[in-house]
Every structure is written in C-alpha cells, then in structure tokens.
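What follows is chain A paired twice: with chain B in the first complex and chain C in the second.
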Partner chain A sequence: MNWADLRWLVPELVLSAAAVLLLVADLFTPAERKRWLGWFAVASVVPAAASAVILLGDLQALRSPGVRIFSDTYTLDAFAVYFKLVALGAVALVSLVSLEYFPGRTPHLGEVFALLLFAGVGLLLMASASDLILLLLSIEFVSLSSYLLAGFLKRDPKSNEAGVKYFLYGAATTGVMAYGFSLLYGLTGSTSLYDIGPRLGQAGPAVYLAVGMALAGFGFKVSMVPFHQWTPDVYEGAPTPITAFLSVGPKAAGFAALVRTLSVGIPLEQVNWPLLLAALSALTMTVGNLLALVQRNLKRMLAYSSIAHAGYVLMALAAWRSPWALQGLLYYLLAYLFMNLGAFFVAMVAADATGSDEIPDHAGLSQRAPWVAAAMAVFMLSLTGIPPTAGFFGKFYLFAAAVDAGLLWLAALAVANSVVSLYYYVGVLRALYLMPPATPGPLPVPAGLRAGLLVALVGTLAAGLYPQPVVLFVETARRLLTG
Partner chain B sequence: MNAEALAFYALAAMVVVGGGLVVQSRNLVHAAVSLVPTLLGVAGLYVLLHAEFVTAIQLLIYVGAITVLILFVILLTEGATGLRVPQRNEQVPLALVVSGALVLLLWAVLLRVPWGPPAGTLPPYNPGAVGRSLLMPYVLAFEVTSLVILACLVGAIVIARREE
Partner chain C sequence: MPILTITLFLPLLGALVVLFLPREDADRIRRVTLGFALATFVASLLILPRFEYGRREIQLIEQAAWIPAVGIQYKVGVDGLSLVLVLLTTLLTVLSVLYSFREHHRVKEYNLLFLLLETGMLGVFFALDFFLFYVFWELTLVPMYFLIGIWGGPRREYAAIKFFLYTLVGSLAMLLGILLLYFHLPAGQRTFDVLEILRQRPLAGTGLLAQLAFWGFFLSFAIKVPMWPFHTWLPDAHVEAPTAGSVILAAILLKLGTYGFVRFSLPLFPEVFHQHALLVAGLAVVGVIYGALVAMAQTDLKKLVAYSSVNHMGYVMLAVAAAAYAYGRPELADAAATALNGATMEMLAHGIITGALFLVVGVIYDDRTHTRGVEDFGGLWAVLPKYGAVSITAMFASLGLPGLMGFVAEFLIFVGSFSIIPVFTALAALGVVITAAFFLWTIQRIFLGPTNPRWAHLPDLDRREMWTLVPLVVLMVVFGVYPKPLLDIINLTSSQLVAMLR
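Up next, the complex of A and B:
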C-alpha cells in the first residue's frame, strides 16, 4: 500500500475522526451543553464535503476518469464524489433537525450524532466500494448504524419495533446477498468488480442466480418490491429525523452501489439485467403508489411514496442503454434528497405540536404556520413531478431515458403512476389548507428545523428553476470508472 | 465416494443438524449450545480446504468465545435463563415453502454449473499469507471493520443500559 493513496480517502477520514472526537468530547460535556455536539457534527460535514470537491478537482487536473486504490477495492471517480456530496448533505441536514428533536427525548445526545456520522462514513464508502468485501462491509456499516438509530428511543414501543424489524429484515437480506456474492467469487475467483466482469464468461444460469440473490440486499436498502415490507413500519416507528435520513441517505448510496456493481461487474452480454430491472421497476412503482393511496398516517404515506420513487429511479437502470439514464438517476436522487427531507421536516413541525402523525391532525397548518404549509405544498408538488420544481426535471429525465431505450410501456406506466400519486399528495395539501385547525394560534418552529426546511425548500426550487449547474455536475458525474 | 467426500458429507450433516436444533429448540440455553456442533462442523470444512489457520481462528473465536459469550448474555439477562420461547408462528408453512423452493432452485442451477478451476490462482492459507492479505489488498476493509465494531459497541451500550 502506498501512503500517498490515503489522500483520496480524506472525506472518510475527516468524518471518522469527527465521529471518534465527538464520542470523546461527549464524556466531558455537561448535560446542558450537549447540543454543541450536534453543531460539531453539522460543522464536521463541511471539511468532508470540501475535501471531496477538491479531490474531484484533482481528478480533473490528472485528466483521469478516476483512481483505483488499495488493490482496486476503492474507486474514486466523479460518480463517487457526486454520491458522497449527496450523502454528506443528508447527514448535515438531518443532524441539524436532530438538534431540535432529540433533546428531551433521549439523554444520549452525543451517541445520536456519533452514530449519524458513522452512518455517513458508511455511505461515503458505499459510493466508492469496488470490491465485494468492502461493498458488503460498507452496506453493513450503514445498516447497523441505522438499526441502532431507528430503535434509539427506548421508551417508545414503536421505535423499538422499528429497530428490531429493520434489524431482522436486514440480517436476512444481507445473508442472501452474501450468498450471491460468494457465488460470484466462486464463478470468477476474484472479489474485485473489475475482475469479475471480464471473467464471468459463459457461466449461464448461475450468474442470474448470483445477481438475483445480490439484488435482495440492494433491494432492501432502496426498498424495492418484493424487499420493501419493512419500510412502512420502520418509517412510522423510527424517530422522524432518522426516518428522513433513511429515506434519502441509504437509498441514494444503495443506488450508487447497485449502479457500480451492475455496470462494472456484470456485463450486459452475460445477464440482461436491464430487462429484469424494468420488471422490478414497474412492480415497485405500482405497488408503492397503490398502497400509499389508503394511508392516513403521514409517515406511512411517505414510506409507500418512497417505495414508489425507488421504482421511478429503477427505470434508469432498466433504460441503461440510453445515454440519459445515468444522468436521470443522478439528478433524481439529488432532487429527492431535498423534497423528501423537506416533507419529513414538515411532518416534524406539526407532530411536535399535536404528538400525532395522522394526516387529519395536520389540519389548518396553513393558518398556524403559513410558510411551513407553503413549503409542504412545494414538496408535495415536486414529489408528484409538477413544474417548475426539481421533481419535474428528475421525472422528465427518467421518462425521456425510458422512451429513448424503447421502453414506452414503462414510461406510460410511470406517467399513470404519477397521476395516481397526485391524489394522495394533494390529500395532504387539502388537510393543510382547507380543513380548520383543531387549536388555533401560531405554531412555533424551532430554529434548526427552520434552517433545515429552508435549505430543502431552496434546493427543491433552485434545482427546478435554475437546473444548469446541477445538470453540468451531473454531466461530469456520469463519468463512471468502468475498468 | 472417496474419503474426502465422505468427510465432507459427515461435516455438512453436522452443520445442518446443529443449525436445525438452534432454530427449533424452545429453550434458549439448548439453542445456544446447539451452535457448537454447527461451528465445529464449519471448522472441519476449513480443514478439508487446507485452511489450517482459519480453522484455528474458527475454533478459538466462534466455538470458544462466541458460544460462551452467548451463554453469558443469557445468564446475565434477567429472567432469560431457562426461559422457554416459542420459535414457531403461523408463518412456518409459508417460510418452509419459500426456503424449500430456494433450495431446489439452488440445486437445479448449481449442480449444472461447470465449476472448473477458477480463473485466478488459489490464495495460500497460512498465517503469513492471511496477514499479508489483511494488511495489503484488504487493509481498507480491515480498518473499516474496526470502525463498524466501535459504532456497534456504542449503540449496543446505549440500547442495553438501564436508564436512571
């Protein structure tokens, strides 16, 4: 190993060091000052993100699509940097609102932020792992931290249920995925994605079996049907900031890992995986949308909606032969980061006052907190895909890719699904704007939550109204190191 | 059938029977002790693969430490000693159908694959080689493992500790 290679790992090193420092500082911080630990967590994301951007500049100065270090186990390319920035954005925003949520609910504030940072390190590694062992390990890193965070509120039975359910489901799918990985190793004699691709040869049905089993693990992370059953219970029971984190962080990193594994490790000529994913995408978006229609709990509704959105993003993999596909996936996941985090943050505002996540209990929010209700309107319209929001551009890219790849039926199904989704998204707005509030009077919104909401709102609108910078970055990030 | 194949099937039977007992036993302590034949069988499979170093580690860590640790956890968890927990629920038939179908599918496919020698050379299995591969190609995975364990320790303490 070469010591100079460590510089490509600076974002991970910064975030790990911050997490360990935070744990040590926690020991010496008196209870009334624990909130500073949260600010430290938010601040530590800044140097990590800055170093990721600098590394991207270094790559461009080298005129290289990417570097592979540590015997090809770790790859840094523009694609990885893009997902690292998305992951860091999720960690920062979720830490910010956690500052308002967790004090008073748990005495172990320091550990919340340390685990969030550790989960962040896992996400950074997932975006770069190009070896089955590191890939499995980084997925487990994110999963284990997530199980703990989902079950963090010990006195809340729903949080306990969320933690245990997430853990049991995750353990089972990881086992299946590890078995699939072992088959890939057995067929090729290598754990490196760069070696597996060329060596797969004419292995026939065993490769399909291995890919299918590996998909169980990835499907669990991105909540793809039929590995989605955990989603509503965990999203409903977990502390709301953690739910927000689960819906964007691990999902985006799961897609990053899935894209890298399939595009680098499994040649299209051996396995027709776009066809397989087209079927899964159609199933995922339809099941998610139909089940979302009947939900009365806002967090459960957003859980089913997040399953539907996983279906839309899977369209990019189904349409892989189109040059628009990867751009669509990248743009959509950034848009989804802002709009979905925003929706969960709004859910926190009303739940803080009423103690309930039921949609009718959000009635009259437009009178009690007009700006929050207006932001929710933007997020709901963006999730539906109505211009000029980021969600519209994301869907436009994805639908164009599907049409371009000749998957007209899939694009038509996605449009139909988007129309159906309008019903339940507008249902939320109806409660917010047309139903009278149960208790009148303005609703206080804590500062951290206000800041998080503002960033999400600006992100959703800016990426929709002025998409050029994002599109340019997405163009760069398309350069995926393929071997 | 030669002696090696015979040994393999005997060890595999040990692993499967032990595993079955772990998930069937209603007594937690019995379930924990049933892990021993399973883990010993896996150690035997490593011997068949000429992985002596991994065998030693398997015996020390899994058969020795992990099993004892699980027994201690049962001992120290209030009221769990001698506790009889039902391991079956109404989903057993469905689970049997799904896992049975998966086993048949795996057999159907894996028995037909021309496994042949893998494209790469088999890595050597001695302590030196294992150490070199941990500290050279897999150094990043090795270091990340320590972070994973740290995160799990912190989380486990928070979840398990009694609130004052």
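Up next, the complex of A and C:
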C-alpha cells in the first residue's frame, strides 16, 4: 500500500474524523449546548466538499480519467466526485434541518449528527468503490447507520417499526447481493470490477443469476420494484429529516454503485442488462405512481413518488447506449436532491403546524406561510416535471436518452406516468392553495428549516433555469466513465 | 433595443414586483399590475414600426446562448402570424386586468398569476427554439390551474385539474415529438432551433417515426384548440374559470393550439399532414356542427359562449386542414393562402369577439344578477342600453354578420377551403346557420321581449366596464369594415407557408 494514495481519500478522512470528534465532544457537551454539535456537523461538510473539488482539479491536472488506488478497489474520477458532492449536499442539508427537528424529541443529539456523518462516509465510499468487497462493505456502512437513524426515536412506535423493517429488508437483500457477488467471484476469480468485465466470458445462466441477485441489493437501496416494499413504512415512520436523507443520499449512492458495477463489471456484449433494466424501470415507475395516487399521508405519498422516480432514473440504464443516458441520470439525481429534500422540509414545517402528516390537514398553508407554500409549489411542479424547474430538465434529459436509444415505448410510458403523477402532486397544491386554512394566523418557520428550504428552492430553480454548468460537468463525468 | 425580449419579460418583472408588495395593499397591487400590463402593451406596439412589412420570413430575431452543450438557445422573433397574436395577447391582458379590479379575494396572488400567464403566452408566440417554446407552453398551464382552482365557480377544483391533466398529456406527447426531431438531425449539428429544424425537416421520409411525431404534436395542439373529441375539458374550464380567466382562456390559450398547427405541424410534417388532412377536416366539421348544436341547447349563457368556441375553432381547423390538403398541388396555392389568412383572421376575431362575450357574461353575472340563465332575462336592452348595444354587437360579430370582424374571417376561410375540400366546407357552412340561429335566439331571449321586473333597476355599464368592452367593439367594427392592414401582415406568413408547402 502506498501511503501517498491516501490523499485521494481526504474527503472520507475529513468526514470520519469529524464524526469521531463529534462523538467524543458529545460526551463533554452539556445538554443545552448540544445544538453546537449540529452546527459542527454542517460545517464539517465544507472541508470535505472542498477537498473533493480540489481532488477533481488534481485529476484534471494529471490529465487522467481517474485514479485507481489500493489494488484497484477504489476509483476516484469525475463520476465519483459528482456523487460525493451530491451526498455531501444531502448530509449538510439534512443536518441543518435536524438541528430544528431533533432537539426536544431526543436527548441524544450528538449521536444523530455522528450517525449522519458516518452514513455520509459510507456514501462517499459507495461512489468510488470498484471492488465487490469494498462495495458490499460501503453499502453495509450506509445501511447500518441508516437503520439506527430510522429507528432513532425509540419512544415512537412508528420510528421503531421503521428501523426494524428497514433492517430486516436490508439484511435480507444484502445477503442475496452478497451471494450474487460470490457467484461473480466464482465465475471470474476476482472481486475487482475491472477484472470481472474482461473475464466474464460467454454469458450463461450463472452470470444472469449473479447479476440478478446483485440487483437485489442495489434495488433495495434505490427502491426499485420488486425490492421497494420497505419504502413506504420506513419513510412514514422514520423521523422526517432522516426520511429526507434516505430518499436522496443512499438512493443516489445506490445508483452510483449500480452504474459503476454494470458499466465497468458487466460488459453489455455478454449480458443484455439494459433490456432487463428497461423492464424494471417500466415496472418501478408504474407501480410507484399508481400506489402514490391513493395516498393521503404526505410522507407515504413521497415514498411512493420516490419509487416512481427511481423508475425514471432507471430509464437511463435502459437507454445506456445513448450518451445522454448517464448524463441524464447524473443530472436527475442532483435535481432530485433539491426538489425532494425541499418537499420533505415543507412536510416538516406543515407537520409542526398541524401535528399531522395527512395532506388534507395542510389545507390553507398558502395563507399561513406563503413562502413555504410557494416553495412547495415549485417542488411539486418540479417532481411532476413542469418547466422551468430542475425536475423538468432532468426528465427532459431522461426522455431524450430513451428516445435516442430507440426506446420510444419506455419514453411513452414515462410520459403516461408523469401525467398520472401530476394528479397526486397537484393534490398537495390543492390542499395548500385551494382549500381554506383550518386555523388562520401566520406560521413560524425555524431558521434552520428556512435556510434548508431556501437552498432547496434556489437549487431547484437555478438548476432548471440555467443547467449549463451542470450539463458540462455531467458530460465530463460521462466521458470519463464510459470513454 | 431588444424590443421582443422586453415585451416578453416585462410581465414577469411585474410579477416579481407584485411578489414583494404587501398583500394588504390591494389597490396598489392592482395599479402596479395594470401598469405593467399597459407597459407590455405599449412595448408590443413598438414592435410595429420596427417590423419590415415586405419580409415574409421571421424577423427581429434576438438570441443568446442558453444551454449550448445540448443545442438549446434563447431565440425569439416574429412574423406576421406571431405579431398579430402577440398584440392580441397584450391587449386582452390589459383589459382582463382592468376588468379584474373588482376581484377582492386574494388580490396579490391573482394579479401575480395573471402577469406570469402573460409572459408564458407571449413566450409561446415569440419562441424560436423548441425547448424554449416548450418551457413557455407549459408555463401557461400553472397560472391557469390556480386561476380556475382558486377564483373559479362551484366546480372549480374539478375543472382546474381536468384542464391541467388534459393539456399535460398533449404537451408531453409533443415533447417526445420534439425529441424525435432533434435526434434525427445529423450528429454534431443537433439543435432545438426552430428555423433550422424547419429547414431540414429531419423526419421527412422516415415513415413511422414521422407519423408518430406528427401525432404527438397533433395531440398537444388538438387538445389545446380544442378539436372535437378532445374538447371535453373546455366547457368545464370555461364555465368555472373567473371571468377574466375565461377571457384569456378563450382569446389566447386556445390560439396556442391553432398557432402550433400553423407554425409547426404544417411546415414540419407536410406529407403526413396531407395524408391525414381529410381526417382533420372531418373532425373540424364535427366540431363546427357539434359545437353549434350543443351551444344552442344551453341555457347557461357562459356555457353557450364556451361551446360557441368549439364551433369557431372548428372553422380555423377546417382552413388549416384545407391548407394541408393542398400540399403538393401548386394550382391550389392561392386558395390555401386564402384559407390560412382566414384561419389567422379567425384566431384574432374569435379572440376579440369571444373575449368580449365572456366579459359581457361576467358583467351581468359577477356583480349584478348572479345568474347566467338565458331564460332568466328578457327585455334587458331597454333597461341597460349600453350593455345591450355592446352585447348585441359582439353576438352579431360572433355569428358572422357582414361589416364585423367575424364575417371577414369566416368568409376567407370558406372561400379558401371551398376550392380545396368543397364537401367539408359545405357541411361546415351548416354550422354558420346554426350559430346564427342560437345567437339570434339568445339575443331575443335576453334583450328583447317584455322586461323581467327583477332586473328593472340594474345599473348600466360603469366607466371601467366601458373601458374594457368598448375597445373590443371598436376593433370588431374597424377590422370588419377595413381588414386590409391586418390582412397585409397576416398574408406575409400565409404566403410564406404556402410557398414552403408547394
């Protein structure tokens, strides 16, 4: 092992150090000062993100598509940096709003933030893992932190249920995935994705079985049908900031790992995985949307909507032959970060006011908190894919990829699904704007939430109105990953 | 001076200003909104002296890079077709805002949405990049959803979501069509530039794909127009929308559909459109007759006007289908140009006349009688002489009385279409008879006969109402008697299109 290679791990090291420090500091922080730990968590994301950006600059200076270190187990390229930044954004924003959510609900404030940072470390590793073992470990790292966070409110039975359910589903799918990985190892004699690809040889039933089983693990992380059943219960039961985190952080990292595994490890010529994913994409978006239609609980609705969005993103893998596919996937996950986090933040504001997550109970929010309601309108329209929002440009990108790859049927199905989704997203706006408030009077919004909402809102609008910088970035990332 | 860009974004700027005004100060919000609407109207008038009347191509182009990485740019321009529709939009927005001074419920949001809507509509007419076009196309949906949903009638929520869902289906189908066009440009030259795509017609000769793209665009525009049988959202939306919303919906939003047919479907897919022209003409004729018959059966005045829109938009589509059918037959080029002139003229005429009709309904319903039942009135002209004169003029204009604007448009449509698709045209002429019948019958029931004592003491039009209605009536008469200046502008585009379709 070359110690100099450690410099490529600076973002992970910074975040790990911060998490450990936070745990220690927690012991010596009096209860009334615990909020400082949250600010520390938010602040620690900044050097991590900055170092990731600097590493990207180093890569460009080396004119290298990416560096592989530790016997090819770990790859740092523009693709990985992109996902690291998305993951860090999620950690920072969720920590910010957790500052307002957890005090008063749990005395163990320090642990929330430490776990968030640890989950963040796992996400950073997932984006770079290019070896089956590291992949498995990093996914488990994220999962274990997430199980704890989902069940963190131990006096709340729903939170408990969420934690346990998440754990059981996660454990089972990880087992299946590990078995699939072991098959891949058995077939090729290597755990490195870079070796598996060339050695896979002629595809037999064993290869398909291995790929299928591996998909179970990734499918669990990104809420792909049929591995999605945990999503609504966990989303509903987990503390709302954690739900927000689960919906964007592990999902994005899951896609990163899935993309790297398939594009590097499983040659298209041997296994026609785009076709398989086209079917799964169609299934995922349709099931998610149809079930979202009948939800009255905002968090459950967003859970099914997140399944549907996983379906849209999977379109990119189905349309892999188009250069637009990967770019679309990357762009979409950034857009999704902003709009979905924003939606959950509004859900927090609204639930604080009404003590309920039921959509009709949010009636008249536009009269009580006009800016929050306006932000929610932007998020809902963005999730539907109405311009000029980031969600629209993301869908535009993905539809374009599908059309370019000749998958008109899939694009048409996605269109139909988007129309269906309008109904339930606008259902929220209907409550917010069309229905009168049950109790009048302005609604206070805590500062941390306000800041989180503002970032999500500006991100959703800016990435939609002027996507050019992101487009250039994702184009570079795509070139580097797929050559 | 980038006059198009200024015209386009003035309302948006106004919306931003309104956003930061205190919501309690309703009066200031109204005046600021009116100020911006007027400024936009003036800006759009300033396009006229800059416009070169000898040029048939799109002109006054303003462009800037936007998302060059995927061939998307900000590009706007006007030709005869878009210019007149832009003027219609800015004028009717002013009048709608003025009329809406009486709205007291959530004034800030109302005015803000109106300004947002205006930018959306103007953008559709100005845009010369398909991506930009699509953004504005969708931008019109959101404000209208809220306008219907918050300030509408008793069934507003249903009508609002129905409107949104219907139009979104069409829009997304069109988006796929746009993407098909884009990806059939040669790699390396891919662009969403409308003029470039029109020049290259990337899907020409691709068979099935051209068909799919054509129907994608068709669905979007046909729902918007709306053509029979895609019209079912219209009666709900029109009836439930607040008066000014109905005005904009009828006068401008429906035109987005016919504009799309003329601007895109005709020159992009001439072969495919030609193939299906008779089917489209058939649907148009059904719309004409069905709309007229259903309007006749209405007792709700607002519904009656709504269905008369289905009827009138049918005439426009008849002319467009005729022009499409004339593709490849140079001997019919003149007739096609006449039909297209008629189609555009009818878009304007319907905008002005039906806009006025919805205002007429609003004036009587919103704060005088709170009923729109045709049977509930009688002898109203004697009580309200000014109101009666305005209403009856608008209704006469709508039924196509010579000397008023509607007649010019319908005359051109029938003359042009008859040489190309005589049977359909003859059938459509039947619609004129029915339209005349139901409007005359309506006039008789509302304005003539014995005065209903319930309404004996209604006040006549006040000054603000005069200001909203009289300009429209003047335009109906002026362009009914002397349509030449308008036709000269419109004809630029029609002859250009026909030259492309030869």
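In this text, the second predicted complex is superposed on the first by the 477 of 483 C-alpha atoms of A that agree within 3 Å, B and C clash if a C-alpha of one lies under 4 Å from a C-alpha of the other, contacts with A are read in each partner's own complex, and residues count from 1 in each chain.
Everything below uses one rule, namely that a contact is a pair of C-beta atoms (placed from the backbone, for glycine too) under 8 Å apart; a residue touches a chain by one contact, two chains touch by 3 or more.
Note that the coordinates shown come from a computational prediction; the quantities given were computed from them, not determined experimentally.
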Chain B versus chain C as contact partner of A:Leu268, first or second or both or neither: neither
Chain B versus chain C as contact partner of A:Val53, first or second or both or neither: neither
Contact breadth on chain A, by residue count: chain C or chain B: B
Partner chain(s) touched by A:Glu111 [first = chain B, second = chain C, both, neither]: first
Which of chain B and chain C A:Leu148 touches, first, second, both or neither: first
Parts of chain B lying in touch with chain A, wherever the complex brings them together: 105-106, 109-110, 112-113, 115, 118-120, 122, 135-141, 144-145, 147-148, 150-152, 154-156, 158-159, 163
Footprint of chain C on chain A - complex, ascending: 366, 370, 381, 384, 386-388, 392, 396, 399-400, 403-404, 408, 411-412, 415, 418-419, 422-423, 426, 430, 433-434, 466-468, 471-472, 475
Contacting residues of chain A [partner chain B, same complex]: 1, 9, 16, 19-20, 23, 70-71, 73-74, 107-108, 111, 114-115, 118, 121-122, 125, 131, 133-134, 137-138, 140-141, 144-145, 147-149, 151-152, 154-155, 163, 183, 186-190, 195, 199, 203-206, 208-209
Chain A contact footprint on chain C (complex, rising order): 23, 66-70, 109, 131, 134-135, 138-139, 141-142, 145-146, 149-150, 156-157, 160-161, 164-165, 168-169, 172-173, 175-176, 179-180, 182-183, 212
